[in-house]
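In the two complexes that follow, subunit A is the common piece, with subunit B as its partner first and subunit C second.
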Partner chain A sequence: MKLLGITLLIAIGLLGCNHKVKKHNVRSAGANEETDASANAKGGGGMNESSPAGLNLVWKRYRAFEGGLVQGLSLPKADVCKELGQYSCIDKIHLTVLGGNEPYQLGQYERPSAPTALTPLAVERVILAACGKRLELDKAAGGGALVFKFFPLAGASPSAAQLKAQAGELYKRFLAREAEGPELDAVAAFAGKIANPEKAAISLCLAIGSSAENIFL
Partner chain B sequence: MRRFLVGSLWLSLLGSSHALATSASTDIFCQKYPKALGCESKQASCAICHTAVPSLNAYGDDIKGALTGPIDATLIGALDKIEALDSDEDGASNITEIEHHSAPGNGSIKPEADAQLAYDPVIAMRRLRAIYCGNPASYEDLQKVKTAADPKAILHAELNKCLASPFWKGEALFRLADKKIQPLSAIGFGGNVVIADYRYDYRLFSYIMSDDHDVRELLSANYHIDESGARVEGVIARQEPAQVGQRIVIGGGQPLDPTRRAGMITTQWFLAFYTMFAPLPRNTASQTYREYLGMDIAKGEGLMPVANEPRDVDARNVKQADCAVCHSTLDPLSYAFSTYVGIETVQAFLFNSNGTYRATRQPWEAQGQLFGQPVTNLLDWATKARNSDPFKKNIANMFFKQALSRDPLPSEQGEFEALWKALPDDAYSANKLIHRLIETKAFGGKRS
Partner chain C sequence: MKRQEKSGVNRRQVLLGAGAAALAAPFAGRSLFAQGNSSQKKYIFIICAAGGANILDSFLAQATGPAAFTNLVTVNGSPFKAAPVLQNSIQGAIPLGNGYAQATFLQKFAADTAVMTCEVSSVNHIIAAKRAISGDNAFGGRTLPEAIASTFGKSLPLANLMLAGGGYALHGDDVTVSDAYRGQFVADPLMFAFATHGYKGITGAVGPDEMRAARELRLQLESVSRFQQQYKGSRILDSYQRNRERIVESLEKGDTVTKLMLLDPAANNLSQYGFQVSGDIDLVRGKFPNLATDPYEARLALGFLAAKSGLSNAVTIAPSQAPQITAQGSPNSPIAFDWSHVDHRGAQNAMWSYILKGIDGLIDLLKATDVDGDPSQGKMWDRSMIYIATEFGRDKVSSGGSGHHLNNGVVLISPLLKGNKIYGGVDVNTGLTYGFDPATGAPDPNRKMKEKHIYGAIAHAMGLSFEGRLDYTAMVRKA
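Entry: the complex of A and B
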């Protein structure tokens, strides 16, 4: 639990710093309005249909969001995220804030039209769980690691080059594109600041996975 | 629950006596500027002057300031006075915006807005995979699009795969149907009090909306789809036997005579759930008008008052002016539904009669109107409805919103219009409409 808290702090630090870079991403990814979607996703104010910001962005809703984790982290669907170890985060616990609706029992006949203030929290929880699961698998796999394979997960703090290589892999896996120079530089700046390689891996995974570009299309 | 809904609806519509007067603003404006954006339908027109009715946008505010008396009498003069102003301060005068299919009261929409967008197949690929496959495009997928000689061919091939997937047919289309069906597990199949089995409604919807079927069958299908996905003709018996006790089962299957069927609006669930015990099925008619023709009477949309209506055939006090605003349209829409049983008790237990046709149920069947035309019965009603422009627009709007979570912007009206107008050429296939949708700039546009 304590480890988790620390990891989150670090990741949030990374996120904050990454913010400028991300704004740039969203534009270069081709949003047709000049919006600060990452501020929308992170800022807690939420978006609504009347705000021109985000009008032209498409929310990657629960199933596609989940699909991105299954595919990007090569995880079985059932392993992506389970709250309390048994309820699916996506189909049950966080369904509505991730853009879905449950009509039969709950009488929700419409999905939310835009993310709410709680969406970023849910996104981070799910990503963190999925990243953690992948880390566990990669640790056990040793030399056969699939995702976290650019530095040893036990031992010395990763170097700038190793962090960049790992980040590049995660950009491809989560955001389906190459990382850009400034983005990699931002990551490299953390070399030496995160001693524990596991925490470094999780932090990168969370920061890139929860970037606005992974939530808006 | 329905009653409560309707009650709060009245409260929220205290201004309803204006509904008739306000559609006069539209008439006056659109007679003066027939080509203006928003004049293609009453529904769209309110946004010319309002943000959300009754709040005015900047253009509406300027009109209000220029009125010299009651709006109906002085609107024309006010419109002239403010033509040269730029109410929304976007650099284009009101008259320029009106003449160039733009929005004089919305600063983010300028006449040239459309020209700034260029179609980007990579954006389209990212979106279409997430929306129609529920599975985002990978790095490799996007590389393929970026390097292809004909990227659109890849998009359409990918879309074909998505639209045939279990995600699309068994999940996305189901969610698109939720608001039309409004299921409730407690009174559906397997519930505590079973009035009908709405699983048929979902399967029928998904079937009609996929595989190039004719979407007009939403209002004409006389068959159903079973759990294996096969078409079933004829009456379908209850799957669970009738029972009373801890659980009550009075409905199930599809007991309605196929010659009386009109697709989604005559399933046992639809009729039982919306009509319930009402002699005149106003909720049923209103839900059909809202969900299949895109007009929500509760919001003052689609009002087409019929002379000498409402007659108040079932003594519900709807003749008063405050109620007649809506009920002069709604009651004539409802008559054709009145020969279809909603919920019964003993009859239903014995004969599975919920949602069946009974010519003697009420005498009003042939007295109604839809779109200002007389209708002889529900099949006639449904035929007129499914061949109408509002039906086509509603289908296009459904998929547009499903994809982009919003209505078309004024600058996108041209593309939107092309979508619904192509339905007849596409043999009313939803899949073909979506293939057109992914080629729009609304879907794949990028600021250039």
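Entry: the complex of A and C
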């Protein structure tokens, strides 16, 4: 009985250690909890390869990427990004480079196995459009702004403290975790680099939203 | 027959490459386009005749035998034959074909055209298509576009542009190929330009200064993040970040978004969003007048512009699998050449015309365009290879439907080849093709050419060596 208890304790301890290695922070629930195969089938994730530490790193493909923006920025799916104000960025224009495929016209039966050379640019376009839309909504909402609410969007350049507070909000919304000290220090150093508060807000949103941590799981 | 003993490019190319790298070093701050070495650049355009383009329905058409035509067209001074333009339809309801005559193509380009017979190893579409571009793993699993992009397209931001699908678009099995030379997929050629710029045309977004600041901040945030520390060294992460830094600014500074913009400005409010249509739009529209509605023409236009603009040197293009039906009918058949299952002669006749008319326009453009805009480098055509790739042949029939058949031949068009020549031959009684001696070019009824031979002949003509490659001296004009 004593031996069984010790064994159980060791097993629980090992599981705990393993959990710490796999998840150094809390991630948004949903696609990232799926297996590679099931996520891939839904346009969600997709197994790519392992890091030297043996941990899987998975490309967050178009649907999971879009889902993160819809949820993180509280935007309707249709408002996330449209090229020329009419063509869906995710379902049409940038589908392939964001990890989807187009089987009908092109006969693309497989998705790209990894991000393509143009994926980073498509990511930036989508993030910028989504951040811009959220900013537009928050400006119209006045005191009821949801995301961009830590400094006035017209007038003086935001202070370091205001930018850090805004960054903290964006880290939670995009990456589902608290910003850490060195990250906030980098954000503080960003103060004054962009005088226009709207553009500073969008730039901050782009920097955090398009960081690699929001592209891979 | 002499076999190549060294793998990869030959010694001369290695030395040239090293020299080019040394020369490029002082110009590290310049656009990546400028770092590409024009003197070494070569282009391959792979036109995917998906569904089984049967050589007996084009330049090896026969007057006798099981697949005989009654009114073959001959071209003066050429061993090739041309199938006549037939009155085809889709199920008797929709006129089928664009009326382009195979003879027109031969009259213009026979001198640079070669037909190479073959008997391939699969009648499965996906497997056979992959083997058509990988030579059934002739070069360690490296596909032709990967090999040509990595050898003659170094530093090009989108060296291997993939405007095709199915087995033609699959990566090769060589895991050592850098991600930079893997196919860069294009879903919609008319919309592709948007993905070459990070912020232009996004309403209310930021300008170049803010973008630069935001990108710098992103780098700083990543450098201190635990995520970065944990996954540092991961191939997928490294590749993503390397690509991001490698091409983002070069594409934006090079105004690629304008160079590749094919959308009709009037119908899409381009100017309202700060975009302009490509300065070459009239040039490509002159050859591909239906590019706004026909995906094959749009892909040809984009592929040419990407090569002309110094972005790509290996371009793979397939026609749409869907018929482009207008009031006049459809220039292409449903499911491309594979419509032969239903109507062999109608599908083959219409699709060969469709494919060849597009290539006709492409060659005209390549012949008229300087390499990288530099007249001293000569015309793009002088360094180009066009390979009409197909999965397999079809049953040797003249009516009804046809199944897949291993026996066939492929069309290569290039000034790098000794053209106006058939490499191999046809048994007039059976319609089956046979091979040839690569050294002398002599037909050999006892020899079958495989996928690796097609790959090898193209490689030799383009100056690419690898272990096990035969010499195709009889076919190569200059290496």
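Please note the rule applied: the second predicted complex is superposed on the first by the 162 of 217 C-alpha atoms of A that agree within 3 Å, B and C clash if a C-alpha of one lies under 4 Å from a C-alpha of the other, contacts with A are read in each partner's own complex, and residues count from 1 in each chain.
One rule holds in what follows: contacts are C-beta pairs under 8 Å (C-beta built on N, C-alpha and C of every residue); 3 or more make two chains touch, one makes a residue touch a chain.
This is a predicted model, so every value here is computed, not measured.
Trainee: Is A:Leu75 touching anything from subunit B or subunit C once the two structures are fitted on A? First, second, both or neither.
Mentor: Neither: A:Leu75 stays clear of subunit B and subunit C.
Trainee: Tell me the contact category for A:Thr119 with respect to subunit B and subunit C: first, second, both or neither.
Mentor: After superposing on A, A:Thr119 lies in contact with subunit C but is clear of subunit B.
Trainee: Tell me the contact category for A:Gly132 with respect to subunit B and subunit C: first, second, both or neither.
Mentor: second
Trainee: Considering only the touch criterion stated at the top, classify A:Ile90 as touching first (subunit B), second (subunit C), both, or neither.
Mentor: After superposing on A, A:Ile90 lies clear of both subunit B and subunit C.
Trainee: Considering only the touch criterion stated at the top, classify A:Ser210 as touching first (subunit B), second (subunit C), both, or neither.
Mentor: second
Trainee: Subunit B or subunit C: which reaches more residues on subunit A?
Mentor: C
Trainee: Of the partners subunit B and subunit C, which touch A:Val147 in the superposed model: first, second, both, neither?
Mentor: neither
Trainee: Which partner does A:Gln105 reach: the first (subunit B), the second (subunit C), both, or neither?
Mentor: both
Trainee: Can A:Arg63 be said to touch subunit B (first), subunit C (second), both, or neither?
Mentor: A:Arg63 sits against subunit B, while subunit C stays out of touch.
Trainee: Would you check which partner chain A:Leu170 touches, where first means subunit B only, second means subunit C only, and both and neither mean what they say?
Mentor: The answer is neither, since A:Leu170 touches no partner chain.
Trainee: Both subunit B and subunit C contact which residues of subunit A?
Mentor: 49-50, 52, 55, 59, 100, 103-105, 107-110, 113-114
Trainee: Name, in rising order, each residue of subunit C that touches subunit A in their complex.
Mentor: Against subunit A, subunit C makes touches at 50, 126, 157-158, 163-166, 169-171, 179-180, 182, 184-188, 191, 194-199, 201-207, 209-211, 213-215, 217-218, 220-222, 224-228, 230-237, 239-241, 243-244, 246-248, 251, 263, 268-270, 273, 275, 295, 318, 320-322.
Trainee: For the complex, give me every residue of subunit A touching subunit C.
Mentor: It comes out as residues 24-25, 48-53, 55, 57, 59, 83-85, 87, 92-97, 100, 102-110, 112-122, 124-125, 128-129, 132, 135-136, 180, 182-183, 185-187, 189-190, 193-194, 198-199, 202-204, 206-208, 210-213, 215-216.
Trainee: Quick check: in the complex, which residue numbers of subunit B touch subunit A?
Mentor: Those residues of subunit B that touch subunit A are 51-52, 108, 117, 120, 122-123, 126-127, 129-131, 133-139, 141-142, 167, 171, 175, 178-179, 181-185, 188, 403-406, 409, 445-447.
Trainee: So in the complex, which bits of subunit A are touching subunit B?
Mentor: Those in contact with subunit B are residues 29-34, 49-50, 52, 55-56, 58-61, 63-64, 67-68, 71, 100-101, 103-105, 107-111, 113-114, 172-173, 176-177, 217.
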